[in-house]
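See the structures that follow.
In what follows, chain A forms one complex with chain B and a second complex with chain C.
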Partner chain A sequence: MPTTVSASSLTSPLRLTFPTISQVNGKACNLTIVSMSWAKNGFPSLRTSRFRVSCAAKPQTVEKVCDIVRKQLALPAETELTPESKFSALGADSLDTVEIVMSLEEEFGINVEEESSENITTVQEAADLIEKLVQSKA
Partner chain B sequence: MAFTLRSVKVPPNSASLEEARHRVFNFFRTACRSIPSIIGIYNLDDVVTVSQLRSTIASEIRKNSYLTNPKVIDMLLFKGTEELNNILEHAKQRHHLIGQYVVGNHGLVQDLGTKDQGISSFLKDFYKSNYF
Partner chain C sequence: MNFHCFQRSFSPASSSYQSPLVPVNLPSPMETHFWFVLPDQIRSSSLMNRYSELLSPCEKDHVLSMRGDQLRKSALLARALVRTTIARYVDQTNSLVDPKSLKFRKNSYGKPEVDWENADWQPAPLHFNISHTSSLIACGVTVDAQIGIDVEEKARKIKSHVLAFARRYFSSHELEHLSAITNPEIQRQEFMKLWTLKEAYVKALGRGFSAAPFNTFTIRFRPVIPKGEIRVLKDTDKKASEIIVESFDDPNILTSNWQFALMELDGSHYAAICMEKAKLVEGKEPLPLRLSVRRTIPFVEDECITGTNML
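Up next, the complex of A and B:
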């Protein structure tokens, strides 16, 4: 049973069929061996590429976002602005958030979808979204 | 008749305050995305920047932020959309935009500089609105 659990945690698309078949048959042995070998091929490339996309937010992007937020909300210079600070904690209402997103659109030349812009609550999220859009545009 | 296609596409009423909120934000996003073309049409490059116009639009929206009736919000959105359409199809002229959105929103008196340093705050409030 522990072998089937590890098989279902793989990131390769092949896992869609293997674990279900093993559950139906109750025979774990052959199928897990096969899927583990697929895993050895698939693991390095998938894992590194996934991590690369999600963690990348260049410091100058975060810096620019911080500047825009500071200018938009008219924050005095001594308020500390970390990448994790929420817009609502800095005194922004929802219209301010939308305006910040629009000024980021203008600054970086990207187009943010409506659904994505509703999920932006912190500086770090905004920087990540900008990175993703800039990379997909380039 | 060079009317834009954006004229009548909104359904009559928002079901709730939340939907009205979404419509307000969509309208704001549309207006912000059309600011560069507005500046291009009316040659406002040396008078105003994109961020100034954006904050003007935001303050106009924020002026009515106390409303809770979705129908009233819909009506104001309709008027706002109509205004944006008029601006984009060049039905207005440069001095209209400068007077209404660039120079000052406080009755054109408060921001005009040194001429009005001496007037009292009572007069300033009076020019701004009826209720103060």
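Up next, the complex of A and C:
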């Protein structure tokens, strides 16, 4: 049976550690020591003792970005929006891009430097930057 | 790329009225030629096809990458406008330059410019910059001076509140200026004017937005006191004022290389132009920025716009 972790409360800090070797279905299984902690703003972060795991943007982040972009550009429902969609190809001008960045800042509680916002040209790039900023806040 | 005509148009912008491009004289020092196209005036599919034939394969790909007919049309018209406009100036001999033959490249910061390498002729050092909204596409041209332009619909509504936006992105002086305006509609209009001027400045600098973040410089109207008069003019006295930019890196030094113009086009758009000042000739007065505005439908008609509403 795989070990699962569930948190019943977000208010108290939760610290769990796993042993280096555990018995799973009778077979030895190597696990590196992993601890999970809840960051101050409620976003979980995952750290290992050997290396930092950096994740590609979560699907829900990508989806939220898509929603914001759709709303800002007033895209018709039939316009396809993928992570690779370029804002400029959707008709965004620089004022739209700045407004999108502002909405993302509000939605995710982050602050985007103007230099970074120049590099946000697709949904994926926006989502990746958001994840990076959210993680560095944690 | 083929464009289908969705409605019959009886305007002159139909294939039977097409003619060669009319050549024009080069802009003089401190003069900007401002050309614009109104996409709604162009409905002929044969005209659109003619425009698309001017584009390089790369430009065609870019047009096709746009999502939606209107966006594709805008992108096509923008490239056609740049090519046909530059072509009018390039060859001052009797033979017309083919707009299709022009080559373009981007400078190290990504600003588009004409690539004269391998050209057969010695052209003047033309500079250009384009800007478009869904309803107006513009191209500004100068000789030997950096230029940036920006056009926006007057009626454009931003999603956030004007002051929230200004607090986040504009300079404190500009925020103060906007905060002092009580009428929300006027406030929104002043915001749009500031936005276009700031955009035009950054585009003229040509080094990308990170080289001049919006909150590091202020654009404002400064009263111009005519020589010999001692008069106190209000900051809002636009009739005798000039637009200036101040950089926060050193607030005591005006960023005086740049000259601005702001106008209202077609009753529906704000257009801002930022142009590098001509080098001063010893003993001579600096030249004021002159503007020559032309509405065009390339290969069909050109119209000089006089009495443009300068703001």
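Following the convention adopted for this analysis, the second predicted complex is superposed on the first by the 83 of 138 C-alpha atoms of A that agree within 3 Å, B and C clash if a C-alpha of one lies under 4 Å from a C-alpha of the other, contacts with A are read in each partner's own complex, and residues count from 1 in each chain.
Here is the rule we go by: contacts are C-beta pairs under 8 Å (C-beta built on N, C-alpha and C of every residue); 3 or more make two chains touch, one makes a residue touch a chain.
Bear in mind the structure is a predicted one, so any value in this text is a computation, not a measurement.
> What does the overlay on chain A give for chain B and chain C, a clash or a fit?
Here the two partners, once superposed via chain A, clash with each other.
> Pick one for A:122: touches chain B only (first), chain C only (second), both, or neither.
neither
> Per the contact definition in the header, classify A:89: touching chain B only (first), chain C only (second), both, or neither.
Once the two structures are laid over each other on A, A:89 reaches chain C alone.
> Looking at A:102 after the superposition, I want to know if it touches chain B, chain C, both of them or none. Which is it: first, second, both, neither?
A:102 contacts both chain B and chain C.
> Give the label of whichever partner, chain B or chain C, reaches more residues of chain A.
Tallying touched residues of chain A, the top partner is C.
> Using the touch definition from the top, say if A:114 reaches chain B (first), chain C (second), both or neither.
A:114 sits against chain B and chain C alike.
> Please work out whether A:79 is in contact with chain B alone, chain C alone, both, or neither, and reply first, second, both or neither.
second
> Per the definitions at the top, what is the overlap between the chain A residues touching chain B and those touching chain C?
Shared contact residues on chain A (touching chain B in one complex, chain C in the other): 93-95, 98-99, 102-103, 114.
> Using the touch rule from the top, collect the residues of chain A that touch chain C in their complex.
Against chain C, the touching part of chain A is residues 71-72, 76, 79-80, 85-86, 89-91, 93-95, 98-99, 102-103, 114-115, 117-118.
> Give every residue of chain C touching chain A within the complex, in rising order.
Going through chain C, the ones touching chain A are 65-68, 70-71, 132-134, 152, 156, 158-160, 165, 168-169, 195, 199, 208-210, 213-215.
> Which stretch or stretches of chain A touch chain B in the complex?
The contact residues of chain A facing chain B are 93-96, 98-99, 102-103, 105-106, 114.
> Would you pull the chain B residues touching chain A in the complex into a rising list?
Spelled out, the residues of chain B in touch with chain A are 21, 24-26, 28-29, 32-33, 50-51, 54-55, 58, 61-62, 65.
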